[in-house]
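Shown next, in structure tokens, is the structure this report addresses.
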């Protein structure tokens, strides 16, 4: 079955700007990451947004929801910033689309040594293929239901709310 | 639930020897790979073997089967060479253990630019958590049942036999 | 002849902090970088400071000058932020020490993909071995005298002033 | 002054072939390595050969000598396998060209974690700019005259013969 991977920004996709010394968004790193994965089934990539998740507003979440709704693929991985991943998951969860939607991201940008990005992308792709329709967050080697997850910012990990 | 990751060697774990110019086995790269994954659930690592899969004999497959049988964890990822991954999967499949066992590996060593190793490890960990008890191969972003998979060596990919 | 490498911070040594999303200083990356270089002559490493060069004050430059003065080695490489590398070079140049002192740094941190750090370190080490006593900046594959160099911040390069 | 960088193969440029599991030559990694160096002076790159240095014959050394002779640039870096780097240096040394020619290479391929390639390239470029006309080997953070160097294969290092 075909998979759609949607980029929305977040730490996963941050790149270093030598002139300012800041981490910024340029062309997404996801096409190169996907190529490394040596996938043999059709996979489409959609560079939808390039935002820090703290900058994500209701209108952006509506864009993400619309992208999921119009996706021909029913297995969707969304690469998203971690700080408001839960909020976007909630918007998608309440939308009740008949698809498997998995949000993931990274604590260390894909292009920095020691990043969790590729592991998380692989983990999320498997979750998108194997989980029942619904909305999930895949981080820290765990799959969370959208309505039972929060980011513990002090520890830098995702955990259950219940 | 707890996960066990078992190293048996294979391309995933190959490292460069500056003196001979060969790719060899040294201390497994898996502990560093697992640390990058930022897992929050208990995960045990077992460095069982360090073999090219073409060098793997019946006795080694029996060692792997025994390691799975005695594992306290029921979710097991085995990192294995790709060339005879199917043969080991068959031995494990016929053993009928009441566990979820997922074999994975890499087409490019973890420590070489552009490797698929971390993606595959993430993919396999999710499969080990989400699949029913049984034996699977997770490669190329797909989950294969142990009795319906082969490596197409010319193309360097895994595919169904049926 | 023996070489001394002194860390003072700067982009070269910046590392990513997953909790804040900022680039910060931790234990210097230089010991690992030096190990990769496979040097066969005695080389000492001194982690003197860990500062953005924009935060470097007169007192810090005095510390760097004192470190160069007391160095038993007469070939010295200083890893420094690029923004005020010229100012530190001037302090060292005016001090007139009877040593070869080469300042270098990086436009992209050593631990980020595509970094110029290791090339620059190698270039600076050769300059420290081959140049007459004096103070130099080694960046962009060039060796600049301390009194004929500036950073062009718009272009992100070092160039002559004359 | 302008610099010419000539690729002849060697460990520096070896890349992994996923289908055979061997380290092979493909398009040289040097253009990407040079781009990372952020050089601001004209630098030309010549992909002359792609050989293990153990496979290098007299005719290949003659090709390298001819490439140095016709080079418009008088500062030349040659990236070469380490095993017969000395032999090629001798051919070039005896040719007595009025240029500065520096041979370098790597003990670990550029695209493998922990490589010395970028350090060595930077070190060799500085040597090519700073040394008097002649032929040199730059390895292990040292500059050797062509007629006073050998590779100690047991230790994997270059050392003087006298």
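Every chain is named by a letter (A, B, C and D) in the order it is written, and numbering of its residues begins at 1.
Simple rule for what comes next: contacts are C-beta pairs under 8 Å (C-beta built on N, C-alpha and C of every residue); 3 or more make two chains touch, one makes a residue touch a chain.
Everything quoted here is computed from the prediction, not taken from an experiment.
Most remote chain with respect to subunit C, judged by CA-atom centres, is B. For the pair subunit B and subunit D, the distance between mean C-alpha positions equals 38 Å. Mean C-alpha positions place subunit A and subunit B at a centre distance of 25 Å.
Averaged Cα coordinates give subunit B a centre that lies 43 Å from the centre of subunit C.
The multi-chain contact residues of subunit B, meaning those touching 2 or more other chains, are 107-108, 114, 156. The list of touching chain pairs reads A-B, A-C, B-D, C-D. Within the complex formed with subunit A, the subunit C residues making contact are 11, 16, 18-19, 21, 23, 107-109, 111-114, 153-154, 156.
Residues of subunit B touching subunit A in their complex: 3, 33, 36-41, 43, 107-108, 114-116, 118-127, 129-131, 138-143, 156-159.
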